[in-house]
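Two complexes come next, and they have one chain in common, chain A, joined by chain B in the first and chain C in the second.
This part shows the complex of A and B:
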């Protein structure tokens, strides 16, 4: 289990903390969603949970961070990266810029973990298939569309078969069909034992989650089952998009109609 | 009021990828159109043709009746403001204010007027307290809003917004919806690229669906999101907005927006 207990974080040079006393536990085999308005601290929490802050980004972390009871705070990045990998918000900015093909890009991560050749190839192949980009394997990753680059980056992360996978808005740039594939692949990674933390804005992402944590102004405000969190009317005041069914019931009430006109949810 | 017209536009990238394949499209002056399609369907490639960043392999692009081939990117930029999908490809100012002011200052707008635009747009987009901040110190989402502000500041007759709502929270999406509606009311031509079908249905009057570089559907949101078009929509890798699915389940006809569902249920209740 990756555990954050009472974790606060301050960016380098910042006058205030961006995260305050965050408690978060990521269990193998589960997907934890991270919801919250813009500037709630979702990306920052992804950086801290993934270990990029403070190691790469700088800044100051206080509180406890451990994996299976081992304090990881003084681990160097290369040691942590064997266990924890992070997908950032801007996929194009995360390409290696070394690989000449999509296949090479997806194989880059597992190859750098020092895995045997056959395993590098098979995990890259599987990842390409999972996110539906086998047909792009020979393309230059830098010349793909924004959404295709996002799929390449996610395939590269999945190919590393990490124990902990942190994803900052993994479906933000994707069309509906690709988003569904990626969410299914994230579920499959969890079934295979990975613990996933996924920050998102798009409501369909919560269907892939076992639990959703709500961030507001750098604090965890609530954690619970997705249905329970998303049916709470307070979430709109926190800048989180309600599922369409929930919002429609509310709008029908506001229009003086019976929300039951909606019938039972499909 | 400026019309945008594409006639039989083909575009093939140097690596042989055919990104646009015989695209014919007229966007009337002062209208709003959403361009949707699966990842890699050619949406961004099409957008880049509108201000000359890409030139068609064959066919013709015309802005306000003038062939884009006869105009430089700098000339086209006075007519067409293009907001990129990735903020990092666009931002270079040292402060938020510099970034938003850059366009109007280079159009010859006085510093007083340019700063007026900066303040108004920053407040509209929720960046009012960040004017002195370095763009790199903003989160990705606010950088996105900054790119939109800096394109809007040029007050071009045509705006092309490539994925303007990506990563925005519910409030941010509402802001963009309002801004697009106001632009259209002010007579601007707006082309929005998005995969957020709810945003598309709530904001635009017309939807054009691209699939592998070809236009496969073109109509009002009621038409394109009606049940009989779902197979074509899904064939292009897209899903109808949830309101359309719910309205169909309730037998309300084509209801691309939640307001349409509430309206249809209200009139149904009144008839009983």
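This part shows the complex of A and C:
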């Protein structure tokens, strides 16, 4: 389990903390969604949970961060990378520029971990298949569209077969079909035992989650099952978009109609 | 190339004995040629150097035409100024000036040719894999590689920014003042965007274990061997001899 207890974080040179006493637990085999408005601190929490802050980003972190009871705050990034990997928002910026093909890009992470050659190849092949981009394997990743690059980046992270996968808006750049593919791949990774933290804005992402944590102004405001959290009418006041189904149910209720009619119609 | 792993390349690979060499050997030859061209002075010696380390390998690699064309293009601006200065303003006779200019132009052409030949026959990923194979740390290879890889990326970003700013009515043509104003509006987002991208890339590489100590698993290994290793040391030895000779002034060139 990856555990954050009472974690606060301040960016270098910042006058105030971006995260305040955050408590979060990521369990193997589960997907935890991270919802919140713009500037709520979702990306920062991803950086802290993924270990990039403060190791690479700088700044100051307080509180406890451990994996399976082991304090990881003194671990160097390369040691943490064996267990935790992080996907960021800008897909083009995450390409290594070293690999000339999509296959090489996806295999880049496992190769860096020093895995045996056959394992590197098989994990890259599996990740390409999971994300549905086998047909792009010989393409130059820098020449793909933003959505395709996002799929390549996610495949590259999955190929590392991490125990903990932190994703900052993984489906933000994707069309509905590609987003569904990625969410399916994330679910598959969780089924294989990975603990996933996924910050997202798009409501369809919550369908892949076992739990959703709501972040507001750097604080965890609520945590619970997606249905429970997202059916709460207050979430729109926190800048979180309601899933279409929840919105429809609410509007039916407001119009004096039985929301269960929707269920029987489908 | 390794028999076990195809180089994962999006571009067509050249197939010649020159392409088959370990990229490190090609790099050593290119750097050795540049250094030797700086040390050697006479036209005969420079011609021999150019023939041996640029023209013959370029012919073997079936790149002779492109190497000549690009080398001439690269050397042209400097070459023209060298000829003009030496022929017109040389303290000796115009013939002496022309001779001097020929030597300098030949030196520039040789250096440009070595760089072009290396660029034309070596892909960045191939060089990177070779450097990693030879134990160069990942951070160093990244600096070497990304310095070159960022240039086309930056050019592409500049083009995107230009198009976006033009679509919003920025005048990037016209007189010098207008162009100057336009340059600021283009340079700021290009540079800031590039800086943000470098920051993101640094984070992404860290999380993907790029800075992990030890050699990563190589998807491709270069065709190195005792002959090439000997050749690389040979190039270094020849360079040392040339420098010493240059200081002592024994040879006519």
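Simple rule for what comes next: the second predicted complex is superposed on the first by the 248 of 266 C-alpha atoms of A that agree within 3 Å, B and C clash if a C-alpha of one lies under 4 Å from a C-alpha of the other, contacts with A are read in each partner's own complex, and residues count from 1 in each chain.
Keep this in mind: a residue touches a chain if its C-beta (ideal position, glycine included) is under 8 Å from a C-beta of that chain, and two chains touch if they have at least 3 such contacts.
This one's a predicted model, so the numbers in the text were calculated from it and none came from an experiment.
A.B. asks: After the overlay on chain A, what do you see for chain B versus chain C, clash or fit?
C.D. replies: Taken together on chain A, chain C would clash with chain B, as the superposition shows.
A.B. asks: Tell me which partner A:90 touches in the superposition: chain B (first), chain C (second), both or neither.
C.D. replies: Once the two structures are laid over each other on A, A:90 reaches both partners.
A.B. asks: Taking the superposition as given, does A:236 touch the first partner, chain B, the second, chain C, both, or neither?
C.D. replies: The first partner, chain B, only.
A.B. asks: Go through the superposed model and pick first if A:142 touches only chain B, second if only chain C, both, or neither.
C.D. replies: In the superposition, A:142 contacts chain C only.
A.B. asks: Out of 3-11, 165-173 or 201-209, where does chain C collide with chain B after the chain A superposition?
C.D. replies: The stretch that clashes with chain B is 165-173.
A.B. asks: Starting from the residues of chain A touching chain B, keep only those that also touch chain C in the other complex, and list them.
C.D. replies: Common interface on chain A, chain B vs chain C: 90, 92-93, 139-140.
A.B. asks: Quick one: in the complex, what on chain A touches chain B?
C.D. replies: 36-39, 43, 89-90, 92-93, 136, 139-140, 143-148, 150-151, 169, 172-178, 201-202, 236, 239-241, 244-245, 247-248, 251-252, 255, 257, 261-263, 266
A.B. asks: Of all residues in chain C, which touch chain A in the complex?
C.D. replies: Counting only chain C, the residues touching chain A are 4-5, 8-11, 123-125, 128, 138, 142, 145-146, 149-150, 153, 196-197, 199-219.
A.B. asks: Considering the complex alone, what residue numbers of chain B touch chain A?
C.D. replies: Touching chain A: residues 13, 15, 17, 37-40, 43-44, 85-88, 139-142, 163, 166-173, 195-198, 234, 237-239, 242-243, 245-246, 249-250, 258-259, 261-262, 265-266, 269 of chain B.
A.B. asks: If we count contacts the way the header does, which residues on chain A are in touch with chain C in the complex?
C.D. replies: Residue positions touching the partner: 47, 50-52, 55-57, 77-78, 81-82, 84-86, 88, 90, 92-101, 103-104, 107-117, 120-121, 138-140, 142, 153, 156-157, 160.
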